[in-house]
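Note that chain A is present in both complexes that follow, paired respectively with chain B and with chain C.
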Partner chain A sequence: MTKRLVQGNEAVMLGAVKAGASFFAGYPISPSSEILAQASVYAAHHPEFRFIQEEDEIASANAILGGSLAGAKSFTATSGPGFSLMQEAIGYGHKVGIPCVIVNVMRVGPATGMPTMPGQGDLNQARYGSTGDYTSIVFYPSTVAECYEYTIHAFNAAEESRSPVILMSDAFLGHLNEVADLDTIDVPVVPRTLQPLASGGERLFSGVATYPDGEPATADADEFIRQYYESRDHRLKVAERYNFHEYGWNKDSDTLVVAFGITRRIAQPLAAHFALFRPIRIWPTLDKELTEIAARYKKIIVIEGSDGQYANVVERMLLRRVERVPLLGGRMSLEAIREGLDAIGMLPAEPAPAASRAAASR
Partner chain B sequence: MAVKDKLKTDLFPTIWCPGCGIGLIMQQLAAVMDELGLDKNNTVLITGIGCTGRMGAYMNFESVYTLHGRTLPVAEAVKLVRPELNVIVVSGDGDTASIGGNHLLHTIRRNANVTVVCNNNEIYGLTGGQTGPTTPKGTSTISSPAGAGYSPINLQGLVNTNPNAYYAKTTVYHQGPMRKAIKEAIQWPGFAFVDVASQCIENNGRRIGFASANDMLQNYRTEYKAAPPGSTRLESHQLGIVKGSPVPTPASGSAKSEGDLATSSPAATKSSRNGE
Partner chain C sequence: MPAKTIVIDGVGGQGVKVIGNTMASLLAVMGYEVTLLYDYDSSVRGGMSEAFLSYDREPISNFVVECADVVVRLADRGPTHLSTDYVIADCDLMRPGEKGEEIPFMQLGVDKFGRDLFGNMIALGRLLCVCDVDFTDQHLTEALPKKYIEENIAAIKYGYGLDQDSIKAIVPEQAASSFAERYAERVLAGTAPAEAVEQAAARR
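Here is the complex of A and B:
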């Protein structure tokens, strides 16, 4: 039991090891690179843990598919541009049913964007980034300790759902140093669910639509639909067991703030004024939980590091209008939130304590 | 001998066009696998998108039919996690050298201990006959009606940037040399590449003036000549093998000395760099 300073990215690496990961493939990209570096250091001291620095993120994502098929719990870590390059392989993992974990430490996009600034603009990409229909499971922690905890859950969910699971983080959370005692976090580890390659079978792992015997099923709608619903229903069922969320702050307020990841931390000084709903499982959305809670509130404000990606989801889910506070350009701060609330006429009358401290310090 | 045991003959006839060269490669690969005792417990096939990629479905091994161009990252990862396995990549020239070109470059550089058998038909066959990275300059294709504008990629030169790699050039007509090359490549400790000239009559051959697949095979017979013994560089239309200096591979299951692959110990990262 030791409390110590832990960085968010480091906590992800430690969580992966705790979950039984034994293969990392990656490519350097801010603000995720510490995970790559620490995986290389860990591999240097643990020969059973395999590590490769790839030529690009396309190779990284395909390598963890291969590593997982070969028998290792496998993961990679990246940020926006690299996450874009991984999308085809993520779709392959969903089609074939390969457990693996992709950590996306979000920065500001699109394109190279603002490499060291935090953003939350990859939510839609995490859900819809690859071609075709598939069912993504995505978690997004808010603290360093949670980075550790939900990395373990991500590996567990990947095994149970037989699919690539995404762990979201962001430039602030990834680089945040917090005192944590990770030893006190006890998440049971789900063992491997996929029989490794060369186990005496004759399986064909194919991104092409095939029948169970390996023959192409590239023009058979019935077979496609059967396989699609089978994997979708299985993944939705698994996701139900991981319906992580937080409901708190001032529940008697008439306004519900929806915020997740680092934004929930930044908005903490507003706790006296609003109720809070924080989805930790970002995808599939927490329809049952949020619908029930939202019904108690007159107004809903979604505060997020994108121009309404999650607000749109909430609006569609609840079939009611929500207020939006988008935090763009990496300007993710309490001041920016207060300005955003002011712009929609919802800034609480009393200044929050942290804000007055900030003002006084100027 | 039970070459047939390596093949899923109940799925025959294959999906490949009559006269296709891929079956001639599969036949020799199956024979070599039988000869070397490769089976479902010690060998994995990694195949890429294109006609050639279907080979995994017809062989009695576990196989991964990867995304287009991504055989090598998958293969290298499988070998890294399970060094005791034989990892054999079977794919076409477009998959390997064009869309997968960056992976090819770096898998060669890292001297990954995988075997690549490349069905080089100098065309994108599955999509109907477009210019590929290996199409000879001037060849008329459906995406280069006035003739392909550029020289083909130099696969031999790429492979030989790694002084520890194995490169062989052969054709589907030259079954004996092809078999020898595939066998040596599988046994090679490090990156091995077998570049097999192979005919695509349906989506290339007829357009460039061949009447039949047999005409294309006869063309290989007359046009390809064995390179002089000891050649360190093969000329165009020369059959031969260019071997680098083999780097010893680790014992089965060892993570420590997979050449450049496993930076699993500080010592491993310092030793056995390319060029040693």
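Here is the complex of A and C:
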């Protein structure tokens, strides 16, 4: 056992190395820059690991697509407007079927916004940021140890789904230092099976709709639909193996709180009053799991660092009213949550029993 | 016992990260569960810089400190929503009605150890004393960077050894300086920390 202080961004880098990553391309942007910095240092001491600081995020995202096609498990890390710039490349990766990992350490947007403040406002962008229909697999851990663990899962899911997989984090989680024993986290690594370029055979890497023989299929709806459902069904099937979530707190409560990432941790002192559902796989949504659990509760509250992005998803999924506690402007705190609960008339009035309070402080 | 919660409040360049990192490392070496979160403004050099540190024998969930057992205040830029039981402040930074103490850490760093940087270690020593953290030399040796380790240990021990009588001797109640305020102004204006100490002290 080697318990030590580890930063969230550092844990992502260590998880990537554990998963077998051998190429990082990126452009520094707060609050993700420590991942880039650590990747550069790691590359300096490990010649098998390649690093490049690109001129911007467009180049970075395209570089990891190229790196992956060339045979390297590849990743990048960014935030805010950098994630926006990567969207076209992400769409290309989905179309062509390129495994890679994009880490988005969320801050308050839109645009430059509040660069060092935590937000959770990129959830929809992580799902719908590029053009057209595609199936994103997205994870969002909530502890430093989980940053390590779910980075490995993200690489595994990317290899299995042959698509860009997104690991969400945020300014608080990325910069959080926490005692963790990463040696105890044992996630089997999915090896690279995709043959690299120039290893023989023929393969198409076209963003344009094509037939298997390479001829353009830009006006053939049947072929497009066949390929679309094939890739969608494959990725949904892969995602099923990664249906990570947490269900806990006071399951006897009549109210279910849905919170993820750092909001789940900040809301912990309310554990005696509410049940909790925490999606770790943010996309595809955990419809089966949440629908089954939500049916046991009279009320549902979504606490999140955006103005209802996930609450809207839950409402549509469950076809019932969902209460919202949006934490905006980087103000991620228990006090802000209490104010939000008070505003919707759902702030617990009675103090929790002493035993529950003790558990809630953990 | 609930987690012990500490906030270190300062401006960029003042040593908030040095104190936070060193204390967190020391507590981790001692086997505590620790969370340390930095919250800072990106807009200008010298903007607010905060460290939220919690430690416990059990894993910690909510790492955002809103009610601190102890605040170390090197400048008064801290969260408006923060409440605290005890303040360890550089001079002239206590607010009316607060319980705590004022110590000219940066100036002591210069006076006792030749550099303002050691003021951070003196503040850390005092913080460890107030929090009743029972560390050993071995813990310190494992937690501290190797550079200046002897000086840093000496400064931490100096701060740890301060008691109310010695604090009063350093800072007579009638002669509290505005050193820290001037220092923060200099840092905010873009002056390097070492020069800011000299300029702030010169106006005393």
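Basically, the second predicted complex is superposed on the first by the 349 of 362 C-alpha atoms of A that agree within 3 Å, B and C clash if a C-alpha of one lies under 4 Å from a C-alpha of the other, contacts with A are read in each partner's own complex, and residues count from 1 in each chain.
In this section, contacts are C-beta pairs under 8 Å (C-beta built on N, C-alpha and C of every residue); 3 or more make two chains touch, one makes a residue touch a chain.
Just so it is clear, the model here is predicted, and its values are computed rather than measured.
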item: First (chain B), second (chain C), both or neither touched by A:196; value: first
item: Partner chain in contact with A:47 - chain B first, chain C second, else both or neither; value: first
item: Touched partner set for A:265, first chain B, second chain C, both or neither; value: second
item: Chain B versus chain C as contact partner of A:25, first or second or both or neither; value: first
item: Touched partner set for A:175, first chain B, second chain C, both or neither; value: second
item: Larger contact residue set on chain A - chain B or chain C; value: B
item: Contacts of A:289 with chain B and chain C, given as first, second, both or neither; value: neither
item: Touching partner for A:246 - first (chain B), second (chain C), both, neither; value: neither
item: Which of chain B and chain C A:220 touches, first, second, both or neither; value: neither
item: Chain C-contacting residues of chain A that also contact chain B; value: none
item: Of chain A, residues touching chain B in the complex; value: 22-23, 25, 40, 43-44, 46-56, 58-60, 62-67, 69-72, 74, 88-89, 92, 196-208, 210, 213-216
item: Residue ranges of chain C touching chain A (in the complex, touch as defined); value: 2-3, 21, 24-25, 28, 31-42, 56, 58-64, 66, 81
item: Parts of chain A lying in touch with chain C, wherever the complex brings them together; value: 3-5, 30, 114-116, 172, 175-179, 265-269, 332-335, 358, 361-362
item: Contact set on chain B toward chain A in their complex; value: 8, 11, 15, 40-44, 46, 49, 56-57, 60-67, 70, 72-78, 80-82, 85, 102-103, 105-106, 254-256, 261-266, 269
